[in-house]
Amino acid sequence: MSPSRLETFADGVFAIAATLLILNVDAQVNNGAGPIGERLLEIWPSYIAYAVSFFTIGIIWSNHHTVMNQLGRVDRTFLMLNVFLLMCVAFLPFPTRLVAEHLRNRHELEPAALAYGATMTVMAITYITLWLYASLKGRLLRADSDPRTVSGITRSYLPGTPLYLTATLIAFASPLASVALFGAIALFYLIESSLFGRATPETG
Amino acid sequence: MSPSRLETFADGVFAIAATLLILNVDAQVNNGAGPIGERLLEIWPSYIAYAVSFFTIGIIWSNHHTVMNQLGRVDRTFLMLNVFLLMCVAFLPFPTRLVAEHLRNRHELEPAALAYGATMTVMAITYITLWLYASLKGRLLRADSDPRTVSGITRSYLPGTPLYLTATLIAFASPLASVALFGAIALFYLIESSLFGRATPETG
Amino acid sequence: MSPSRLETFADGVFAIAATLLILNVDAQVNNGAGPIGERLLEIWPSYIAYAVSFFTIGIIWSNHHTVMNQLGRVDRTFLMLNVFLLMCVAFLPFPTRLVAEHLRNRHELEPAALAYGATMTVMAITYITLWLYASLKGRLLRADSDPRTVSGITRSYLPGTPLYLTATLIAFASPLASVALFGAIALFYLIESSLFGRATPETG
Amino acid sequence: MSPSRLETFADGVFAIAATLLILNVDAQVNNGAGPIGERLLEIWPSYIAYAVSFFTIGIIWSNHHTVMNQLGRVDRTFLMLNVFLLMCVAFLPFPTRLVAEHLRNRHELEPAALAYGATMTVMAITYITLWLYASLKGRLLRADSDPRTVSGITRSYLPGTPLYLTATLIAFASPLASVALFGAIALFYLIESSLFGRATPETG
């Protein structure tokens, strides 16, 4: 299988997972009672959750292409690691909804934040695993892959796991702080992607 | 990342957002009571809302390709502006349903029309922003992009924001007039796309 | 816009509309009461409706490519006709569910069969319209399009509208006969596609 | 139609069917009562069902490309066999949910396991049928297809049908053993794909 074939399938999952997030907002507004105007204001956590998760998926999608761009071929182990990653991506709308629904109830928010954090932590571990599998000893890299880009990717993916793990564990002390951290991490990656990404020339 | 890679992801979101619109019609008919024949006639606003939103997404999709056709490369800032645009597109089924469900209740229609209008206004702002980002000083344009097409795109996208903002604000006076205007804008763009678009030769 | 760009978007809508059909079966089994084993047998009309609609979408998808294969370019009018066709395709899961849910109630089946038939009739009209728009005077045909294939497509699409219109009108006399005809038309196209399609060599 | 055209549509269905699986988990947690933390633990069968079905679809997708890679052309009969296969793939989220919801009730699990097993058995039969149709006498094979890969595919697909049929029939004696077998078959294919697939060089 060529890298581009994998990208078609992956892009499909990314696009669908992102688009399905709106069903969470929809369900939220239908659960409520009272005039629609009030309900639309009451569910503000759903809008933030929608935006944070949409951008999180958008950034993972964009990073996925940066990775694929450096590869010359894929093997079955790499394929299955990708299926595992996509399984996490497609799972994300579920804990996103849990967080949005329970943001204003401390006791209910703790398990929701743990579910969101666990999903993101497993996703970060999968991401660095598949990248190290592909790049160590140049296993799947293109003959002309750029060593600086390769080590740059490794450097930027390594902190993901400890970052998300820490934010998750903080939920035991303060679920709200944990959720705020998830938003902050997404915002950080967004800014880092938009501003610093500009410096590196884009290829392919 | 190449422009064509971005288009695959974007086309996925456009296609899914458009196809999910039918779930709104489905939910509407299930909420009702009485014989199915009567319910099918009663929910006529859902059919119009479905058609208006489907064509709105279809036109945005078609315009998105006109934009991408003029570009030679994309950078991370442009990518993130696109993710923001797609976030608005994927959001559209939600206010569409609100408008369809509350079309016959003046007090409920006002917030629904405001939600729809706000989504379309933010989308129009995002559209012109990403286009100006890409085209000003030829930042991301192809070496052989057509200056007439480029200025034509700018001219046709600039009125979008004031148009949708005006239609949105009218909801405070008359929600129904506001909703009628949203339909009229979509119809105008549809006719403009179908008839005047024919004059320009299509490339790529 | 190139024909292949349009195909990516269209394939997305075809794939999603077909895959969403399973949500109808899902909703049906959840509406029922009693042991799951009995409910699974009771909803047999849902399985037939799922299969008929999945194959109907599959055949339209496959015919859509036969059409696109003969085209050298597309214009905006053709694009908008395609958006209209895809709007009908994405609408199909809705009347499919109506028919499946009301198959055993004569009075409820009539409006359901009319809704299904109206959707298919409008789709057939759209199909022949976009094909005639593209092929008359060779407007959008490839320079090397095959005249025999072109007239073959015209011949095989022309009966669609009267066939579906007739099957729809029969619903006023006997909804069940109407629904049986929809299944028969789908089966006919399926057999015609599988067997006679084999004779023509496939290109592109 | 070219093989790559078929792959675009098939990849769409694979990606959507896999991503829709999360709606099952979502529905499960909403059906429950009590604190969200407890409900999240209670629905553990849903997580396993999600993972097993996601990987099952991932493996079918990956095998589908191995098949397509050996083909030089497709005909209408092959297309319709593929539509039938995709119909089974898109159906899978439905019995997956049944199994997850009824895992802890022996009497309810039997019909659920039979539904899952019947779906997988029909899928296995369709798979081997379309492969034999394409490969016997080299009907649709590429001129330069690899005879060892071709006979390897035949060897690895033939056991699918008896394996799934046996696991399905065991549901009459012990639904739980049957479900455990479905998981074991998926795990076996996953390991076989990841480890042994590495030996064969990837082309295309």
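Every chain is named by a letter (A, B, C and D) in the order it is written, and numbering of its residues begins at 1.
Here, a residue touches a chain if its C-beta (ideal position, glycine included) is under 8 Å from a C-beta of that chain, and two chains touch if they have at least 3 such contacts.
Not measured: the values here are computed from a predicted model.
Annotation: the chain C:chain D pair of sequence copies touches via predominantly different residues, less than half of the used numbers being shared.
Of all chains, the one whose CA centroid is most distant from that of chain D is B.
Taking only C-alpha atoms, you rotate chain B by 90 degrees to land it on chain C; that is to the nearest 5. Annotation: 26 Å between the Cα-based centres of chain A and chain D.
For chain C, residues touching at least two other chains, in rising order: 8, 12, 16, 20, 23. If you check the complex, the residues on chain A that touch chain B are 7-8, 11-12, 14-16, 18-23, 25-26, 29, 35-37, 40, 50-51, 54-55, 58-59, 61-62, 65-66, 69, 190, 193-198, 202, 204. Every residue of chain B that touches chain A in the complex is listed here, in rising order: 1-2, 5, 8-9, 12-13, 16-17, 20, 23, 73-77, 79-80, 83, 86-87, 90-91, 93-94, 97-98, 102, 107-108, 110-112, 115.
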